[in-house]
Every structure is written in structure tokens, then in C-alpha cells.
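This report concerns only the one structure given below.
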Amino acid sequence: MERAETSPIAGLRARGGAIDGGSAAVVLLLIGAAIFLLVGCLRSTAFAQYTVQGLALGSVYGALALALVLIYRATHVINFAQGELAMLTTYIAWWLMEKGLSYWAAFAATLVIAFVLGTLLEVTLIRPVQHSVIAVVIVTVGLFILIDGIVNWVWGGDFKFMQSPFGNASFDVGGVAIRHQDVGMVIVVFASVVLVWALFRFTKLGLGMRAAALRPAAAALVGVRVDSMLAIGWGLAAVLGAVAGLMAEPSQIFLSPTLMQPILVYAFAAAVLGGLESPAGALVGGLLIGVSLTLIVGYVPQKYIGAELQLPLAFAVLLLILLVKPSGLFGRREVRRV
Amino acid sequence: MTALLELEDVEARYGPVHVLHGISLAVEEGSVVAVLGPNGAGKTTTLRAVSGTVRRSGTIRFAGRPLRRVGPDGVARLGVAHVPEGRGTFSELTVLENLRLGAYTRRGSIQPELERVFSYFPWLTERRRQQAGTLSGGEQQMLALARAFVHRPRLLLLDEPSLGLAPVLVAELFRIVRELNEKEGLTVLVVEQNAQLALQAADAGYVLEAGRVVLSGSSAELRADDSVRRSYLGY
Amino acid sequence: MKKQIPALVSLLVVAAVLCVLPFVLSDYNVSLAAQVGIFFVAVLGLNILTGYTGQISIGHGAFMAIGGYTTAVMSRDHHTNLVVTMLMAFAICFVVGLIVGLPALRFSGVYLALVTFALAVSIPNIPNQYSTFLGGVGGVTSSEEVSNLWIYVAAWSCSALLFLVAWLILRGRVGRAFRAIRDSEIAAVASGVELPVYKTLAFGISAAYAGVAGSLFVLATNGFAQPSEFGVFLSLQLLIGAAIAGLGSLWGVLAGAAFVGLLPQVSTSVPVIGAEHGRDVIFGAAVILVMLLLPDGFAGLVARLRRLARA
């Protein structure tokens, strides 16, 4: 909950500009939401449990949303295959574990594999068609279908059991049972995000990537290899997706090819909610959606809003945001590139 | 002695539109060369041809080596800094980050360069953490120049530095360019509409018209030339 | 007139082949050919939207759903003549398309793709909600069943008719406006083209076409209108078909329709990979390959060939 208060401010500070009225309203809204959550948690154990669960799920949505935003910022393309790619890397991790690696060894190896996969995809599939928006959309859609087919083919569509690294125990915090798993998910995602953020903020490579995303022509003039930056961007996005997939798995208990499909939807909603260009927004959006959906499903009776309606609900949110404030919570007003 | 930069019969086009019809020029190391001419003459395109930002044919030699199919990032790595029209600063990044980008192709610490830059542009020091976009037009132009300097290039390509700047700032800018040339040995190729200023700062110049070189010579010669005086110096 | 001859010839050739096909193909293959016809209608419509006004829609499966359900429900409850239901589907989807097209104006490119994606996923859920009227998960069945041949004839007749309609529309003022928008939105606005009107109109037209295709689609699946038939994959097929078609050539739309109509079926019988997964692996790979080789679609290929021929 504290994160909800600091991220938008960090996001604003990173942009360095003055805080305008719109952003102030958003920050106030978020602080209000955080207070609401805090109060609810203190007054009801069920509420607290839902909130923590929601935050854990939300961090996964946020991680995938961040991957989407990374790619969008650089290339103005939505990678429709981001979820499936994450699912593929999760299967690879499972396979590595079946071969005998420990969880965290497999985790690390998978991140490396994801990076390589992401850069390869950009270079071989996206670069040749990057001049045409429709062509890139279709290629990512084709990739979606292809990866789904490949995973089903190689590993089958039945459920696989993947051990959770966090175990089934819970902390007892003032009478509220908070699962180790939920805390673990949040920590892992948070750590990954911070690492990626640090890469962008403090390294020369990160600076080059930011420059390439902002103004490719000007970046080239100072010697940035823009094409390579794009490929690395895709690689990093794949890494974040891999983290999302691996952290999503413990919450779903069984690994199956449809693992990431609903999560992609939530990630879309989160990315748009945050404003497609804002990484902080994507994370906050993910957390918001995670918490809201968990609370709604938890409290509203099954017959009105069951668990299956989470998906359409997320879409309703997506639509609403796009209609009311297309630039999302943290985005600037979209300027049509002339 | 071979010049640092040589263009031989360079043609360039934007799609089907040919803009340069065979430009030949040479820039001696350590000199400041101005490119003058009316709008649409192809001055900016000439710079773009050097930095590889536009499709071109003909020969371009930098430090004796021909540049073949080298894109802008490759040219930058060879030691050419191009400050384009519109400055090419990253308004969303901080001043310091912009400067750091200038040194992108360099290895090792850039502290000495940064300190040198801050000595030439002292007001940049307080503004380092500010977003570049919050700087005024003139300050951004100075920032662009500073960034080019951090690059420690052998050749600086300056495109219309006076555009949109108050005369006082323009004079200051050219003074700094001249100082960088004299103190740091920076070779400069500057495209400028303001022929008066350009010829004052330059050692030699080329006059372009409709994509061709129509006149060339030392700045003294050009300043004395009748047609130049009438068309570009206003008397 | 001379310029028109090659186009007329190709039209006649296609028409001739279509007339002969039912006599030479097995019943199963006739149903496949009918599928291509159904996709032809839908892709033709979507191609107008994507190719001429540049709006990306991953949601036209939803319009097919509306059209299909219209036919099924009207036939089940009122025993309406099937052709009449198709006309109704056309009209209803046209209106709904206009309604959707209006807010769609506010989004461009990728945002629109997201919104229409949302549409494609949410609309099939609606019948699940209102199961009494719309049959829920089990779906709605029309009161009549039709043979494969009937579908074949209906599909290709509609294709021919709607192709003619499209040709007429694109010849006139509307077509000129569309082409202006395709070439440059800014220039179009500058020369007085009211973007909102034409962009919304394109949405309506493409939706109407998809609606008719949806009716045919339902009739082709034994009159069964079910939510699971109209999932996201269908919308993806339509978009892929339109992208492969590229812009503006009859052959392109035909190629696109054939690609998305036949390939998923054909790839189920590939050895090694096996039925269930073959479709996705081969189809997905094929889509990517085609896009890499022909980013401007089939029409781009045709244009390139024409240029080579002229040189």
C-alpha cells in the first residue's frame, strides 16, 4: 500500500516537470484509495486477506503490463504475444526443474533464456516489418497463435504441477493470515522492476535505450545504435514477462497453456489505466486492478458477479478509461504524431 | 595535406526529389567553414549527407577514409558530432543526461569534459538536473553545442545555430564556437542563414544555390565578393 | 475501357471457376469452398475499414456474432425466411457498426486495436448472461437447415453482390473520400473531407458485411449460433485475412479469404504435429511468414508485379 503512494510521485519526479492539476488529482485519488484500503484492512481480516492477495496478483499484472509499456514506449506497438511468450518461458522453467535444477537456478536460467528469446524475436520478426503498424500487429498476433500451438504440441495441454518456491505457510499478522506466497510474489516482482528501473536510470545502456525510444533520429546522431536498443528493449520486456509468468504460476497451482491469457487482458487494462507510456502507471494500474477485482469478487455475491466476470469487468474498465481519459492516469495527453 | 572532410560530387535526394546535384567541398582540419545560401539550397542536406541521415551518392571522405553506407551512429563513432536543425536535444531528459549522451560513444570517465563544458557554459551547472525541455530556445541551443563538445569530436557539424535565437545569444554562440575552434582545435562546418555572422566566425566558406556550389573561397574573399555582398550581406 | 479489360477478364475467370466448382468438388470440399466465400464477404468489408481508412479492428468477430445470432433467433422464433434474416443482419450490423464507429474515432492505431480486442472478447459473453433469449452457452438453433450447396451458392452470391456494392461505393464520392483518407488524413481534412463521417461510415459498412458473413457462418454450422464459435480467434482470422489481402485488389481479398478459410482446416490433417495443435502451429507460422514476405499484403505483391511488368 505504501508503494501506491510513492510510485506516482517517483514517476512525476522522474519526468521532472511541474505537477499539474490532473496529476495532482490522480495522486490524491490514489492516496484516498490507499487510505481506504488501510482502514478496511484494519477493520476486517477478510478485507486484509483479499487486499494482500489482490496486491500479489496485481504485482503480476503490473509486471506484464510493464513489459507491454516497455515495448510500446520504444516502438509504439502492442506486443499481443507478450503473455504467450511469458507462458512459454514459464514452461521452459518447469522443464528445467523437471531436469533437476533447483527452483531459483531454473528461475535465473529462464530469465537469461527469455532475454535471448526476446531479442531474437525482435531482430528476426519485428525489425523487417517495423515500418507498418498493421504488419507488426499481425506478426505479434501470429506469434500468439504459433507459441500457443507449439507449447500445446511439445508439452501437451494437460495440467502440470510446478512447485511453488514459497511453500504453503502463512504469516500471522495481528490475526490475519498472510500467505508467504503472496509476500514472495510481491517481493520478487518488485525486485525485478527495481533492477530494470536501475538499469534505465543509472547505466549508459539505459540512457541510450531511453534516448532511442524518445527520439530515434537524434539518438542515432550521438552514436546510439537504435536498432540494437530496440532489440534489447524486447529482451528486457521478455524478462519481465518471464517474471510475471513464473510468479503467476504459484497462484494458479497448475501450469497450463492458458496460464497467461486472462493475465494478458488484465495487463492490457493495467497498461492503459496507467497510460501506455508510463512504467510507474503500469505497475500502479496492475496493483489497482488486482486489488479491485479480488475485493469485488470476494464481496459481491456469486450470482451477480462471479469469478468468470472478472474478464469482462477488466474490459469494461479498459473501455471506460479509453473513453474518459485515453492517456490513462499518468499519461500525458496523446499527441497525434503528424 | 588532405582535408579532414572532403565531399566529391555528392548527390542527395529525399525520395524522388533530388536536392543536391553534385556538391564538392573540403574542410581543412582546425578550420571553421561556413555554408551559405538561400532557403532550399541544400545546405542542411549537405550536413545530413555527411552524417548519413539522407540517401546520397558520390564520395565523402573523413580523415582520408571514404564513408560508405555508414549510418548516423557510425559517423558519430568516427568522431563527427552533428547538431541538427532543431537542436536534437532530448527535452524529456535532464541537462546532465543530455550531456552524458554526448559522450555515448566514448569510454571511460567524462568528468574532465563535463568540467570543461561547465566552464564554457557556467549557467549549465545549476540546471544540470532540470529537464532539458524547460530550458529556453537559446539555452537549448547552447546545450546542444555543449553536448557536441562532450563528444570531443574531430568535426562539428552545426546546422542553423542562429535559428530562433535572440541576436545577443547568437553572437555569444559564435564566440564560443570560435573559442572552441581556437582553444580545443575543433574543426567546424557550419550552415548558417546569417551570412554576416558566419563569415565573421569562419575561415572559409561555400555558397550553395539550388543544390550546387556556386562560389567558394576564404571568408575574406567572400566578404569582398560583389554578389555575396548584394545577396547575403545586404549591401 | 482498355484499362478495364484485364479486370473484367479476371472477374469472368473467377466467376466461371466458381460456377464449375460445385460440379467437380466433393461435398466436403464444397463446404470448404463455401467457407472461403463466407470469409470473402467478411474480409471484403474489413478490408474497406483497414485498407482505406486505416483503422485496425480485432473485433469484427463480434459483428459476425450479431449477424449470426440475428439469423438464428429470427429463424427459431419467427421462422423468418433465411435470406430475409440475412438482410436484417446487414441492416442491424450496419447500425451497430455506426454506433461503435463513433467512439472509435477517438482512438488511433494501437488503442483501437485494444478496444476492438476488448469488444471481441466481451460480446460472446453476452449470450451467456441472457440465456433465455439468446440461448446461453448452448446457443440458438435456427429452424431450418441448409445443404452445403445452398451455403456455397448463398455465400458466393452474396460475395458477388457485395463485391459489386463495394465497387460502386468505392467509385463514387465515398470512395474518393476513403482514398483521400488513406493517402493522408491531414490532406483529406484540408481538402474538406469530414473524417468522422467517413470513418464511421467505413465502420458501419464493414460491420454490415461481417454481419452477413456471420449469418452465413451460422447456417454453415448447422444453424447453430454459439458463443464459442465467435471467439477471439475468429476476429483474428478476419484481421489477418484483411492484412493479407492488402489493399484494393480482388485477388488480394480472394487470397486472404482462402488463406484464413482454408489453412486452419487443412493444417489439422498434417502428420507429425497432430490435429489439435497443427492448426495453431502451421497457421501461426504461416501468418508470420506471409507478413514478413508481403508486409503490404497480396495487393502489394500485385503492385510490385505490375511495376515489373511495366518496366
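Letters A, B and C mark the chains in the order given here, with residues in each chain numbered from 1 onward.
Assume a contact is a pair of C-beta atoms (placed from the backbone, for glycine too) under 8 Å apart; a residue touches a chain by one contact, two chains touch by 3 or more.
Model, not experiment: these values are computed from the prediction.
> Considering only which chains touch which, label the overall pattern as line, ring, star, complete or other.
Drawn as a graph, the chains make an open path, so a line.
> If you tally contacting C-beta pairs for every chain pair, which pair wins?
After counting contacts between each pair of chains, the winner is A-C.
> Which integer distance in Å separates the CA centroid of subunit B from that of subunit C?
54
> As a quick test, compute the distance in whole Å between the mean CA positions of subunit A and subunit B.
43
> Averaged over CA atoms, how far is the centre of subunit A from the centre of subunit C? Could you give it in whole Å?
Taking the mean C-alpha position of each chain, the two centres sit 33 Å apart.
> In their complex, what parts of subunit B are in touch with subunit A?
51, 53, 71-73, 76-77, 81-82, 84, 88-90, 92-94, 97, 100-102, 104-105, 129-131, 133-134, 147, 151
> Any idea which subunit C residues touch subunit A in the complex?
Within the complex, subunit C contacts subunit A at residues 50, 56, 58, 103, 106-111, 113-115, 117-118, 121-122, 125, 186, 233, 236, 239-240, 243, 273-274, 276-288, 291-292, 295-296.
> Would you pull the subunit A residues touching subunit C in the complex into a rising list?
Of all residues in subunit A, those touching subunit C are 72, 76-78, 80, 125, 128-129, 131-135, 137-139, 141-150, 152-153, 157, 265, 268, 272, 276, 309, 311-312, 315-316, 318-319, 322-323, 326, 336, 338.
> Which of the residues in subunit A end up touching subunit B in this complex?
15-17, 204, 207-208, 210-211, 214-215, 217-226
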